[in-house]
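Next come the structures, one after another.
Two complexes follow with chain A in common, the first pairing it with chain B and the second with chain C.
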Partner chain A sequence: MSAAASAQGDDAAAYYVYGVVARGDGADAFDGVVGLDQAHEILLIEGRDVAAVASEVTLGEFGDDVLTSNLRDPLWLEEKVRAHDRVLAAAVERVTVVPFRFGTIYRSLDHVRKMLDERADLERTLERLRGAVELGVKGFLSRDAVRDRLAAEHGLDGEKPASGREYMLRRSLERDLDDAVQRLAAELADDNHERLTGAAEAAIANPVRAADEQPEERMFLNGAYLVRVDREDGFRAAVASLDSTDARYEVTGPWPAYNFAEPSEDDA
Partner chain B sequence: MTRPPATQSSSVGLTARGGGHPAQLADVLERVLDKGIVIAGDIQVNLLDIELLTIRIRLLVASADKAKEMGIDWWQGDPFLAGRRGQPELEERLKRLERATGVDGADEDE
Partner chain C sequence: MTAPSSTPALQQQVTLLELVDRVLNKGVVLTGDVTLSVAGVDLVYVGLRVLLTSVATLERLDRESR
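Moving on, here comes the complex of A and B:
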């Protein structure tokens, strides 16, 4: 800030904002945590009611012109995206934070404070998220398991078909498999999401990621759940009690509430 | 036939988290690039770029963790991302050459 003369240079400082906490919250939660550039430590920039979790970066790395090309550099992108999450993860479960999307950058401390004071919704969002974290649940359906069960239901339990009739039955079973997997995936997705929503404060069913599928598995659930920290065990128990006859589940997190950070209608 | 165990899967591409939980690249990218509150900063990250990036990453990403496991670059095969590495060095070299030859990056030399 003081070096106004170099305001346009590559070394000029800018402030990258990771998220927002309530003012006075998290005073020591980010101690010793370094920012995206691995050089500057996290600082809390205080506004009237809330404070920005931020760190200094240089325009040489995050300025308008370089940022676009940096975004296309996969190694740079992976490193920075992981660093963004690492900073917020450092305080997850201890401090309630409204996580910002990647790449929110200001040219001065004053601009950060101005943003904080203009966005009155941030405080209401903090209130809504207070004491809660996000847990991710992914569900995968095993084609082999479904095939085995269908075969058993048709009385086909041997590995090799014993007769021509059994051979034909197996052939038609293979054709039915896709339908069965499809149907089961839809059923499980609805049922599981409903059960987990019951154990959470809020829930979002994100689209399943095509790339997460392997030939032998079908992803049917990619849910995000806002869970109060004191109900986390209960939520994990709810996941453990889901139907795992043909399916397996992965729980990720605790995350800052990335999926619940946009203002809801109540916050507006 | 055996049924896959209904437990947590592989621990590839993991990063230590505050709560002691590891995170896979796919899940981190999905959240940090595609979720979180959008607030206009001074530096405009081209939202179209981010959107495009996110879509591509959604297509790529899972394989990302698997690719890493196999020692392959996760962005391989994506024209938007691939080949970006090495370009800064190339550009730097070009600049040095231009300086040395006195061409100095004139417009007509595109």
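Moving on, here comes the complex of A and C:
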């Protein structure tokens, strides 16, 4: 009883799982990488077909009692979220990983192995993600650029209106600007997502931020794309060729395939 | 990746937002042994996102007013 009680104490070990790789994969990809607690190195816990990318943590930091309050501490959370990604990013483009969401913790190695063997879909997900990374693309439409272009198209190029007619024209352009931006954003969103999807293995259009959050820069695209490593240059070229008349694009990654990690219908 | 118009602090927030959108909101969801309930992480995600977005907005307003 006393042994069991002490095993539940603050120093008791638990295993935080970052994701899984195919068994035999990534043997050296995580060498020297430290885990969430900055103290323990990454270990691969092997199941039948796949292995968990994990590190030891203590229940003093990740146990039920403390975790809830730690999660409410933005500084603690930022550090851990960055560390979670740092571990997986260390191996991105070298080994295929199915990333887990933050906070998957087991109390023993056996529990980790049991989970691995119960989730046969993980191996199919690994197959689907093999050799691919995730790239994020955000598209922003400049309200000023749209305004200037529309004004120029109507022959309004001076700063000051030269006539009453010009003044009225400017007023009506300003009044219709929201609609014009809205229309353009919708067109660009569909068209660009379609073109980028063509250069990727899979694609997800995530919600864009609210239009009024940053009105002068309207976000119209917040896409995640699963791209094979050998097609990454081609994908980036596709981004560079998108319509940038009034728009700009931000590419992030390569990321582990967070957006494509949940089992698809094909994996089930 | 760095937009020339952004301050380093703002850029860092944007990057953290990208991270949070993935690490707290995507990836395989499994129930481990420690009760970090799905609802718990979801709430943390929503709260942190609001915080980060408002920090980014404040920094932008600050930048524009200079």
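As a convention for this text, the second predicted complex is superposed on the first by the 258 of 268 C-alpha atoms of A that agree within 3 Å, B and C clash if a C-alpha of one lies under 4 Å from a C-alpha of the other, contacts with A are read in each partner's own complex, and residues count from 1 in each chain.
Everything that follows uses one rule, which is that contacts are C-beta pairs under 8 Å (C-beta built on N, C-alpha and C of every residue); 3 or more make two chains touch, one makes a residue touch a chain.
Since we're looking at a predicted model, the values are computed, not measured.
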* **Fit-or-clash call for chain B and chain C when the two complexes are aligned on chain A** => clash
* Is A:Phe62 in contact with chain B, with chain C, with both, or with neither (first, second, both, neither)? -> both
* chain A residues touched - chain C or chain B, whichever exceeds -> B
* To do: Kindly classify A:Gly223 by the partners it touches after superposition: chain B alone (first), chain C alone (second), both, or neither?
  => neither
* Touching A:Asp144 in the superposition: chain B (first), chain C (second), both, neither? -> first
* Asked: With the two structures laid over each other on chain A, which partner does A:Leu75 touch: chain B (first), chain C (second), both, or neither?
  -> first
* To do: Tell me which partner A:Gly47 touches in the superposition: chain B (first), chain C (second), both or neither.
  => neither
* To do: Would you check which partner chain A:Gly26 touches, where first means chain B only, second means chain C only, and both and neither mean what they say?
  => neither
* To do: Examine A:Ala90 and indicate which partner it touches, taking first as chain B and second as chain C; both and neither are also allowed.
  => first
* Who does A:Gly35 touch here: chain B (first), chain C (second), both, or neither? -> neither
* Structure fact -> Both chain B and chain C touch chain A at residues 14, 17, 19, 59, 62-64, 67-68, 71-72, 74, 77-78, 81-82, 84-85, 98-107, 111, 115, 119, 122, 125, 136, 206, 209, 213, 250-252, 255, 258-259, 261-263
* Taking the complex as given, what residues does chain A use to touch chain B? -> 14, 17, 19, 59, 62-64, 67-69, 71-75, 77-78, 81-82, 84-86, 89-93, 98-107, 111, 115, 119, 122, 125, 136, 142, 144-145, 148, 206, 209-213, 217, 244, 246-255, 258-259, 261-263
* To do: Can you check the complex and tell me which residues of chain A touch chain C?
  => 14, 17, 19, 59, 62-64, 67-68, 71-72, 74, 77-78, 81-82, 84-85, 98-107, 111, 115, 119, 122, 125, 136, 206, 209, 213-214, 250-252, 255, 258-259, 261-263
* Would you mind writing out the residues of chain B in touch with chain A in their complex? => 1, 3-9, 15, 17-19, 21, 23-39, 41-46, 49-50, 53, 58-64, 73-75, 80-82, 84-85, 88
* To do: Quick one: which bits of chain C touch chain A in the complex? Just the residue numbers, please.
  => 1, 3, 15-16, 18-30, 32-36, 40-41, 44, 48, 51, 53, 57, 60
